[in-house]
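Paired with chain B in one complex and with chain C in the other, chain A is shared by the two complexes that follow.
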Partner chain A sequence: MKFEIARDRLLDGLNDVMKAVSSKAAIPILTGIKLDVDEEGLHLTGSDSDITIQTFIPAEENGEQLIRTSQRGSIVLQAKYFNEIVRKLPTNDIEIEVSGHLQTHIRSGKSEFHLIGSDAEDYPQLPEIDDDRHFAIPADLLKSIIRETVFAVSASESRPILTGVHWQVQEDELVCVATDSHRLARRKTRLENAPEDDYSVVIPGKSLQELNKILGDSNDPVGITMSNKQVLFRAGHVLFYSRLLEGNYPDTSRLIPSEYKTDIHVNGKTLLQSIDRASLLAREERNNVVRFSADGSNTVEISSNSPEIGKVEEQVETASVEGEELKISFSAKYMMDALRAIEGQDIVIRFTGAMRPFILKSAEDDTLLQLILPVRTY
Partner chain B sequence: MIESKPKKGRIIFHIDMNSFFASVEQAHDPSLKGKPVAVAGNPKERKGIVVTCSYEARAHGVYTTMPVWEARRKCPELIVIPPDHNRYRDASDAMFSLLRTYTELVEPVSIDEGYLDVSDVEWPGNAVGLSEEMQRRILTELDLPCSIGIAPNKFLAKTASDMKKPMGITILRKRDVPSVLWPLPVIEMHGIGKSTEEKLQSLKIRTIGDLAAAPEGFLKENLGKRGLHLKRRANGIDSRPVDPESVHERKSVGGSVTLPVDETDPAELKKTLRKLSEKVALRLDRRELAGDLVTIQIRDADWVNHSRSRTLTNAIHTADAICREAELLFDRHYGGQPVRLLGVTIGRVIDRSETTEQLSIFNYEKHAKEEPVLKMIGELESKFGKGTVTKGFSGPKSGGRQG
Partner chain C sequence: METEYSILARQPKATSLLGGSAASGRVAHAYLFEGVKGAGKEALARFFTQLLLCPESAGGKPCGVCRNCRRIREDNHPNVTQIRPDGQDIKKGQISDLIYKLNKTGIEDGRKIYILHQADRMNIAAANTLLKFLEEPEGEVTALLLTDRSSAILPTIRSRCQEIHLQPPPREAVLEQLVAEGGVTRSMASTVTMINADPDGALALASDEQFGQARKTVIKLVEASDKSIQEVLLFIQTDWGPLFKEKDETELGLDLLLFAYRDISAVKAGLSTSLAYPDNRARWEEMALRLTFGRLASILEAILKAKRNLQSNMNRTLLMEQLVLNMQEGQHAL
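After this line comes the complex of A and B, so read on.
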């Protein structure tokens, strides 16, 4: 194997695939990055066996030659060292050559590294996914879908299925739900060119967070293909594979109340800042509890009390309060997470009772719903 | 106070409430007096166990930690009452407040026992008279029986309060130690549990007298520093002061057990975790505590200790919840090696009244059912002040009590 490549392009590619490489890889070869080069260009592959990312750098792009291949071939190089070496090479022109069996030479300017590679034959194959059933979402929309839901997944392994986001495709609609059992985020997206089949998969939250880092803010389409065990996102030259979580996702539709007793219209940003202040004293306390009380007037009271530190009370003006009086306690963190996820100024909070889930959404838009379970105080 | 006060010596009382939870229930509902009463852990929990029982129930062979079904078999007329911790906390607060009218040096050890240093109490009589006055007031003002031990230190006071129950007053002087304590088997000594007893037996130390006479070097070699402590106690020596603040320093509640064999069977080990969880739950109950840090300890046959812990969203205290978390940690970290000792600890404990519970999508419906009652309490409290209304189990009219 022997080729020349521009350093900046190689670095861009490495940046993407490095996101899948873990220093605690389950099998030793996965601490490496696989390079496959031929006359078409260079494929880079990184994986931690849950996530696999492959990126392609074409030999030629817009009439500009990026790679000059003199001998095709494959090699696996230690990700940690290869990435650092490329980052620090003195010039933008790099030559990579594998001589003998696994001896790899990386040359740039007057610098030459010898790196011992591993046999590419030992590197796991890419997951096989039947590619003819897929749908597409613009990259920027996909990023907001991830941002609005993934924060609500569970950080604890006690119910592994809840560490993922439930993606359901049915009737031209993608419904994404994440819950850690204490709060829930649900995002509905209408699909153009929806697949004919219904899908129901659970994608690990961590995979979506990594995908979010790789996607650009353009409206270029991202192709999405689902199988029983894997999901593939295809964005430009990048292929992003993720393992799916096995098991039944709990039915969350029954959680969303059908009728409400107290409706509050309020400026989301004002409320967020008020909750943030009230939580200052509650931060050290378990569950980070703030109290919320609506007494029928147009203001609501946010308060918090930590016996050994002090207390805070604040009145927040609302656009309207309708329905029954209400006193409820909840986690300031969950409330702030939900308010940050909902963009737009005017939000609606709907309560059904002090011990029941309540929902938050934008006043103008029903696609995103945030649900929070209250805290019971004794 | 002057006449009975030895030079420079201290006078320590240990107050031990007699079958506290059951007595509080009998005080609250006098129709229960003279009847076998057991307060048992949440009867909805499948494995409810007796937390405390009245002396009438003890006469039938019912004892603390006995499963409810077994207790009912021993004593068919047993009246089983679910615990009402608010009620016990109130009674306990009242009891300690009464004691604090005599001295600030009151150290609550748990909800139903505590030490007093009465050395400097101004009292026109002797220590026995003072203890009789306290016992009488607790009985007449709070309708609760207690036993009091009088001694020059905590260890002897605690030993003394245990000697006559219920409603006993016992004086234990240091000079009584050889005749009263030394003939007893070591297990009778406070601070010695089953595993220490076994260890002492293997060292041919059978009575408290044997322990008192055992050479220091020998004890230190076999039991470490603790051996020396135990020897001092066996000789009636204990210099711990009565510390009113110590109750606030408790950070964790736990239990551990040395297994009879180096165990490798996960089913056996889980059975042990279950038993330990019940023990820890009982200890948390007695002190009205809950905590959100669960730790398990595994000591393997090579004496290597492993401990694993997890912080939970909500503080827990029930045996089921503790056992579930302990098993989860065990399943994730146990590597199949032979186990010599298992331990379960609940850390970051706080008073149960200060806990909050983050509801989940799996359990909120249970709490939602209580909404109407809670709302009513809230309305009453906003009218009459906090604490005027508490949720609880009302008088004899509630039918579930007969059993």
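After this line comes the complex of A and C, so read on.
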């Protein structure tokens, strides 16, 4: 293997794949980055076994030559050293050559490094992805889908399946659900080019958070391909693979009430700030509980009481309160998470009673639904 | 390649059993490989892992050269997870992490395999965490538990595993091999084969200078224990203490001591078993005359008790002093 490459482009690529490389690799080979070079360009791959990031640097771009390949080949190099070496090389022209037994020479200007690589054959094989069956979502929309659901996954690993977000494709619609069994977030997205088959996968929450960091705020399409082992996100030259959680996701559709007794329209930002204030005194109490009461007038009362510290009461103006009177308690943290996830000012909160779950959503659109279970207080 | 397939010759029963279940596709959720140190548990685990993942296995053995076989040998296969004790024991956190990891789909196709080395070192919390997953894993998962003390494994764990017993390697054969090929003296070879039944491990031990020193010190202690108690206690301070500092070193020392008294008992009983210290036969015979079977039994018991106390982290100097005092007990009463 022998090729020349521009340092800045190699660094850009390394920056992406380094995000997947972990210092606590499960198997020794994963402390390395895999390089595959041919006449088309250079593939870089990094992985921590949960997620794998692959990026491609083309040989030519906009009529400019980025890589000159003299001999194709593959090698795995220690990520930590390779990244630092490339970062500190003196000139922008780098020549990488593998000779003999995995001996890698990195030359730039008058400096030359010898790095001992590992056999690229030892690197885990990425699943073959069938490109016909993918669908695409703009990057900014994908980011907001992740933001609106991933916070609700379970932090405890006692039920592993709940640490993931359930992605389901059916009837031209993508439904994402996350729950930790105390609250639930559900996001529906209409797909323009939905695949014919139905899919149902559970993607680990941590993988989605990593994906969120890599995606840019553009509306470039991100291709999504699901298989029964892995899910692949394709954004430009970057491929992001994640493993899936095994097992069946619980049926959540029956959790969402079908009829409601109290509907409240309120400004989300005002309510969020008020809950935040009330939680100041609730923080010490277990579960962070605040009380919420609607007595038929156009204001609702948010209150919290910690006997040893003090109490707080606040009236919040609402746009309308319809239905039965209500007194309910819930976790301030869950409420704030849910309110932050909902975009737009006008929010509808719909209750079915003090002991039943309630939902929050935007007044304008139905795509995002947040559900919270109340806390029993006496 | 040699060492890999010697397991076939060394454990013909176990390998043919595992080979058969792999070929018929009836692989259990969990196996417990049980056998003495050096019986080849790790080699057997590797053999079975390769067998399950090698695409070209034939005739009950893996090809040994394909990509999967090579990566398993180099610990680089993404579907294989190895768990070893973190310090004293295998902790609950290690097991929960393992279960969480195995709840995800494999990176590559095929079965996921996890190997618990020294599975008897799992603490209670860890073992209980593992229980349910051991029986009903998500997806295609196989557990291999390795132990040399199967009695120390929780019965609830044991009953959920298919037990595979490994034959201890024949000591005489290993001994002859060490003398013939390793250039080890017969007396040294006799001692090391008692400690480690594996030829390679025994050879490494025989050429270890520290082990030679340990062996000498133990014989000296046996001699000294005939003398006054003050002298023995002094010996513990001056000779024994500096040599056997760490816990595993002390364990080795106690084992060597145990074998010495086992020899004396054997000599006294006139058994024809091969001794651990054949070069000391004359001395053992002399001591055998003076010690009654009752005394020997109580000494052996004292050493075994010290070994147990060592596992519960007793102060090692106190442990040795208590041991020699216990060993002397009854001597002056006679």
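The rule we apply is simple: the second predicted complex is superposed on the first by the 367 of 378 C-alpha atoms of A that agree within 3 Å, B and C clash if a C-alpha of one lies under 4 Å from a C-alpha of the other, contacts with A are read in each partner's own complex, and residues count from 1 in each chain.
One rule holds in what follows: a residue touches a chain if its C-beta (ideal position, glycine included) is under 8 Å from a C-beta of that chain, and two chains touch if they have at least 3 such contacts.
These numbers come from a predicted model, not from an experiment.
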Side-by-side fit of chain B and chain C on chain A, or clash: clash
Touching partner for A:His182 - first (chain B), second (chain C), both, neither: first
Which of chain B and chain C A:Gln125 touches, first, second, both or neither: second
First, second, both or neither for A:Thr252, with chain B first and chain C second: first
Contacts of A:Ala26 with chain B and chain C, given as first, second, both or neither: second
Touched partner set for A:Pro357, first chain B, second chain C, both or neither: first
First, second, both or neither for A:Thr262, with chain B first and chain C second: neither
Part of chain C, among the options 149-157, 257-265 or 293-301, whose backbone runs into chain B after overlay: 149-157
Residues on chain A lying within both footprints (that of chain B and that of chain C): 157
Footprint of chain A on chain C - complex, ascending: 67, 70-71, 74-78, 80-81, 96, 99-101, 103-109, 138-139
In the complex, chain A residues that touch chain B: 157-158, 179, 181-182, 184, 250, 252, 255, 285-287, 289, 307, 327, 329, 331, 353-357, 373-378
Complex contacts: residues of chain A adjacent to chain C: 26-30, 47, 49-50, 52, 121-122, 124-125, 127, 157, 160-161, 163, 204, 228-230, 243-247
Chain B - residues contacting chain A, complex: 292, 313-315, 328, 332, 352-362, 364, 367-368, 370-371, 374-375, 378
